[in-house]
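Quick heads-up: structures coming right below.
Next come two complexes, and both contain chain A; in the first it sits with chain B, in the second with chain C.
On to the complex of A and B.
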């Protein structure tokens, strides 16, 4: 009888499309919750200063980082991906991607701070694979405390500001300038944020 | 069967990630040349009469030759002036020559002028783009510095054939 029951359970598990783990995935229900990603200083770029031919590696530390803020529900996790082009190309010309004389190698680095303050002293460096720095973290750091309660459902008169917090993302990196042509080089960095 | 389960799980996890927001940063960099050199003014002894003898263009004269070098302020350069010992007639069939002796001087101050120029012995020497004594006081808008090099000297015109006499002066600039 017990054996029969086990077989029935296994069969029903694979028959049904609902595979549910032990994680409560609030992301499945988070379409009602907004998250805002903002550039704190849109008028300034990552500033490598004066760059000259054959300069070699020029590194911007977190102190010189571009800072973005993430405003979202404080007890939800966000997944942040920061992806950069491998090369800055002269005048953005795609044919330069295979031409060492008109491309500059770029290495992305990124960090986040989720203790409610824009404070690089609290920043945690993201793991980088290839040209993508990634991290998953709660919008508001909870330390060793257990996860908070489920998000408050959206209701009439719901005020997201009551449940929101701001985390900060720092984007920086380094370039390696070889014997390249003089001129203007450009590339893109894409930052995406989603609830887990 | 195990393989099937894994695929199913991956699909479900992917579908639960809802990308809500994205930002795009454009990264732009301007690459400057390490060093550039240009001729600001040719050395010009003017029209001379046969048998004039020595004719000078002195340091600071309006018709001295001027080179300009632009580089990053921390750059040091080694300058060598290669000058012929004589000017030759433009017509190769005429063998007359005009002996010439040239010197070179530089000024690496903020406001370069021949009056403050330093003459290089043997027409060569190591020159800093910016005075080392003031290098800690550099401002952001002064990181690209101009160095002026002045070429001057004399020629000796004997009783020679009329015509144009020419020579080529080459300034070699070596830098790291």
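On to the complex of A and C.
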């Protein structure tokens, strides 16, 4: 019986060593820590204003970007995905997604700044694949320094403000206006943030 | 002993399947308004005609004078637009050194009826196309001939229309 138990324990530890690997993933504990995502101007759209039929490419630069703030534990990395609709649809009508006369192509661009300031001069452009811009970065930039200490455990009287920092995400892009019907066009961009 | 095996498995499972990290999301709307491109059609050019001997000032009233130029702007029905133009332009003498300064007066209306048009000034250049997407413009002006050399003069007139 004792021999049987020993075999079971050995098999179990091999199994779990492969799952965890060599990485110390502080994010495994990040459910104890909160992260918040806020739109700094929630009442406004990413608005291209009035465009003219067949106008071609119309771009909103980072200077015109929608800005969101990410507040989280400064030691931790966050994974940010910014996913946009491929087309703005006339009056938001889904049937227009396959009708070139009532859709306007949209290309997403996004950047982040994690040096503690809302400063586009410090912004780093995110990689875009398809209609998703993605990046992984520490909430507070650490330069070439090694990763910081493990997050302070949540304890009685824990004050997250002492360990939090704010990073900023800039969302912008361009539309390509072809021979489309006149009218209002709209689409959505979804931003998701999680700890690594 | 069976109880001990069960306990060990619970611990290991707890590590392997740690809680999923928090995920927060937000949504942004993208919007734009597509409008029809603006066309400006010249129906009649302005006709100044010949000055009479001793005549120092030629005036073409855009609201009443049949010699006024006539243009139609075509755009998105009911859309607002702004109209801009240079109020003074230099006309150069054809084959000579002379020139004239022409002051333009424009009037406009949503009706195709010159007498209903209103004179534009710097305060009322934000306008709106009618329900057919049309706006009617008449072009007049005045020129002082007191220092003009005899001859023919020519010049151009630029008008800009942009959606607001």
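Here, the second predicted complex is superposed on the first by the 178 of 196 C-alpha atoms of A that agree within 3 Å, B and C clash if a C-alpha of one lies under 4 Å from a C-alpha of the other, contacts with A are read in each partner's own complex, and residues count from 1 in each chain.
Just so we're on the same page, a contact is a pair of C-beta atoms (placed from the backbone, for glycine too) under 8 Å apart; a residue touches a chain by one contact, two chains touch by 3 or more.
Being a predicted model, the structure only gives us computed values, none of them experimental.
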Side-by-side fit of chain B and chain C on chain A, or clash: clash
Partner chain in contact with A:144 - chain B first, chain C second, else both or neither: neither
A:37 touches, of chain B and chain C: first, second, both or neither? both
Which of chain B and chain C A:53 touches, first, second, both or neither: both
First (chain B), second (chain C), both or neither touched by A:159: neither
More chain A residues in contact - chain B or chain C: C
Which of chain B and chain C A:127 touches, first, second, both or neither: neither
First (chain B), second (chain C), both or neither touched by A:63: neither
Listed stretches 3-11, 93-101 or 129-137 of chain C, narrowed to the one that overlaps chain B: 129-137
Contact residues common to both interfaces of chain A (with chain B and with chain C): 19, 27-28, 30-31, 34-39, 45-46, 48, 50-54, 66, 68, 84-85, 88, 104, 106, 171, 175, 177, 180-196
Sites on chain A touched by chain C in the complex: 1-2, 5, 8-9, 12-13, 15-16, 19-20, 27-31, 33-39, 45-54, 58, 66, 68, 84-85, 88, 90, 104, 106, 171, 173, 175, 177, 180-196
Residue numbers on chain A that touch chain B, as the complex places them: 14, 19, 25, 27-28, 30-31, 34-39, 45-46, 48, 50-54, 66, 68, 79, 84-85, 88, 104, 106, 171, 175, 177, 180-196
Interfacial residue positions of chain B with respect to chain A in the complex: 1, 4-5, 8-9, 12, 16-34, 72, 143-144
In the complex, chain C residues that touch chain A: 1, 4-5, 8-9, 12, 15-16, 18-38, 76, 163-164
